[in-house]
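For reference, the structure discussed in these notes is given below.
Labels run A, B, C and D following the written order; every chain starts at residue 1.
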Amino acid sequence: MSRTRLERFSDAVFAVAITLLALNLAVAGPGHGPLLHQVADHWPSFVAYLISFATIGLIWVNHHALIENVAVVDRTMALLNLVLLVFVVLIPVDTATVAKYIALGGQDAQVAVVLYAAAFVGMGLSFAGIFEWTLRTGRLRQPLPARARLKARLQFGAASILYLAAIALAFVSPPVALAIIAAVPIYYIFERLPVVGSPTSDRAQT
Amino acid sequence: MSRTRLERFSDAVFAVAITLLALNLAVAGPGHGPLLHQVADHWPSFVAYLISFATIGLIWVNHHALIENVAVVDRTMALLNLVLLVFVVLIPVDTATVAKYIALGGQDAQVAVVLYAAAFVGMGLSFAGIFEWTLRTGRLRQPLPARARLKARLQFGAASILYLAAIALAFVSPPVALAIIAAVPIYYIFERLPVVGSPTSDRAQT
Amino acid sequence: MSRTRLERFSDAVFAVAITLLALNLAVAGPGHGPLLHQVADHWPSFVAYLISFATIGLIWVNHHALIENVAVVDRTMALLNLVLLVFVVLIPVDTATVAKYIALGGQDAQVAVVLYAAAFVGMGLSFAGIFEWTLRTGRLRQPLPARARLKARLQFGAASILYLAAIALAFVSPPVALAIIAAVPIYYIFERLPVVGSPTSDRAQT
Amino acid sequence: MSRTRLERFSDAVFAVAITLLALNLAVAGPGHGPLLHQVADHWPSFVAYLISFATIGLIWVNHHALIENVAVVDRTMALLNLVLLVFVVLIPVDTATVAKYIALGGQDAQVAVVLYAAAFVGMGLSFAGIFEWTLRTGRLRQPLPARARLKARLQFGAASILYLAAIALAFVSPPVALAIIAAVPIYYIFERLPVVGSPTSDRAQT
């Protein structure tokens, strides 16, 4: 399979999922109280929107970095990529659920955050799976030094552990768990995945 | 017509359809019982989501393999491809219908599964139609040996027969029919379509 | 502007619009009578779905043929293309309206068909506008002989006249008007737009 | 990151957002009065649809012109582009809110227009941010003369000031504020962004 088509399909799925996120922000409309109050009561939707947008956006950036260094897309990688997308596609729905329940507290808020974090765990593991497969088959355009491999694994591991911690914490405090989920993409804004061989790869790969 | 534009349009339709699948998973929201119960009662939606996601995903992989070996996209192939997409686009709606009715049993569950399987039959036949057209017009980048042709036809035939069997079985047991529908993409995970000429084509075509 | 980006954006809009068409086919779900009756009562939706799918699909094919022969996409063409897409994007909504009202008859069915046909008139005129602009600016990859120009204009004219006739006929018989709208894409299945210079262009342009 | 993938992802988001705009035009259906009245009462939706379509469409054209001249897409630009898309994705929802409330007047109409204009302010500022970043990092394919830089900044500034003026005016007269918002894309139809170095760049860059 050509890398272009894998990227194109994935980009389209990322793009549709990220655009559907905003549908959760729709207000009920006239007859449901002043618009200002409707919008104000909607704050969990805005928070959830921003978290999900940032997470999908950063995964898209990292997905690009990861796939960019792959020389050959084989069938297994295409299937692993589909597994990743199973979880990406779940995000808009899980975001809506979190937005509806986070402010209510209680068991429902816990369940909503657990579902949300679980989708991110699935996404993180699939992502790590694609990464390991690229290493194992060795079909890379630029070889990845052992040090970069270790660093990438630590980063993947850190993200997954944070999401698992969010699941555990959700039973204590759903808002704190949500804050941890929000922190992961912020981390990735400042830290790039070391998944390509050369530190000057930016210019070279364009 | 350039192959790129056919792939690009098809990829976008596959991507939108696969992303819309998840919209069926939305819960009703506060005031409809505990979230945990809502999610638990939603299990047919999750099952239907996974089956449809796997089927569309595998069709996308096979579509890629099929089109990749085509040297020239003529108008007839563009139209056959549109016929395929007519059925792809139906999947999200048919998935929602199956999810709503499969657990209720009775005639409604039968009708839902028949509609669902019928869309897959249509998809399988269109796919076979594109394949036969590529052979007949001979506009292939790598010629396909007779043995590979036969194997591909057997595979297409097997999938269509399984979907037709699912339609027949739906009148006896909708869940069993659904299990057969679920089995088809699992089969394609392990078995690749022999639609390109060379066994080492993976590397060569990237 | 690069031709690729114009095509990519247009393809995505066509793909999303064509996929959204199917959302009108969703049944109301349990508690609204036997599924078989719901589906049977839904026949106008299926008819409207097929007509709109065929029309958007054929416009996509023709759009491709038209743009393929353009050497330079200038700002005016990008804007004309946006005007075309204004009408393409309306199709899913107008399709839903026709599906809801066609079977009821009376003034509502007339209005629904007029709105539907009006969107196609707008689409046809924008398409003709893009074609005339490509001729006027002369930025074609292959020059178009006078005879092919005339034939293309007659074909564009014929489609627009048929859609205008559908608007007029809608006041007499909405179903007959709908049949005319359905006939246009069928015509384009058999007749290709003579918008590229060479009759052997298929192979050459791939 | 390759420029192609940034453009592809952005194009898909623009395309999905622009197509979702039309969903706000759906009529309630039978049982809600004559269709003609439903459509007539829907005029704010049509006005808002056209304004949003024109604005997203022109931003897409300008986005293309801007990115086209970038030689290297670095991580910061990818992130700035995501910030731009955060606001693009909000447009369909904000358009629906304006359409629901503009005709009612009062505080609700003011809030709706402020939300709408605020999304455009965010979009304008992100756009200017991407532009400044391309200048600062100097990774341009064609250098941009000081005069063109100044003109581009004045144009970005003018658009943002108009949107800010619309926010202020919304408290006096929401319809006048909406008219200003509608004027911005009309301005961009006639005036192109001077973001590429050469006046004859159209032909050269295709």
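Note that in this section contacts are C-beta pairs under 8 Å (C-beta built on N, C-alpha and C of every residue); 3 or more make two chains touch, one makes a residue touch a chain.
Quantities reported herein were computed from a predicted structural model and do not represent experimental measurements.
**Q** Same or different, please, for the subunit A to subunit B contact, judged on whether over half of the interface numbers appear on both copies.
**A** different
**Q** Return the chain whose centre of C-alpha atoms lies at maximal distance from the corresponding centre of subunit C.
**A** A
**Q** Subunit B and subunit C are the same sequence; what rotation (0 to 180°, nearest 5) superposes their CA atoms?
**A** Resulting rotation angle: about 90 degrees.
**Q** Go ahead and note the Å separation of the Cα centroids belonging to subunit A and subunit B.
**A** Result: the chain centres lie 26 Å from each other.
**Q** Centre to centre, by mean C-alpha position, how many angstrom separate subunit B and subunit D?
**A** Averaging C-alpha atoms per chain gives centres 37 Å apart.
**Q** Send over the residues of subunit B in touch with two or more other chains.
**A** Within subunit B, residues 8, 12, 15-16, 20 contact more than one other chain.
**Q** Provide the residue numbers of subunit D that touch subunit A in the complex, in ascending order.
**A** It is residues 1-3, 5, 8-9, 12-13, 15-17, 20, 71-75, 78-79, 82, 85-86, 89-90, 92-93, 96-97, 100-101, 104, 107-108, 111-112, 115 of subunit D that touch subunit A.
**Q** Of all residues in subunit A, which touch subunit D in the complex?
**A** 7-8, 11-12, 14-16, 18-23, 25-27, 29-30, 34-36, 39, 50, 53-54, 57, 60-61, 64-65, 68, 189, 192, 202-203, 205-206
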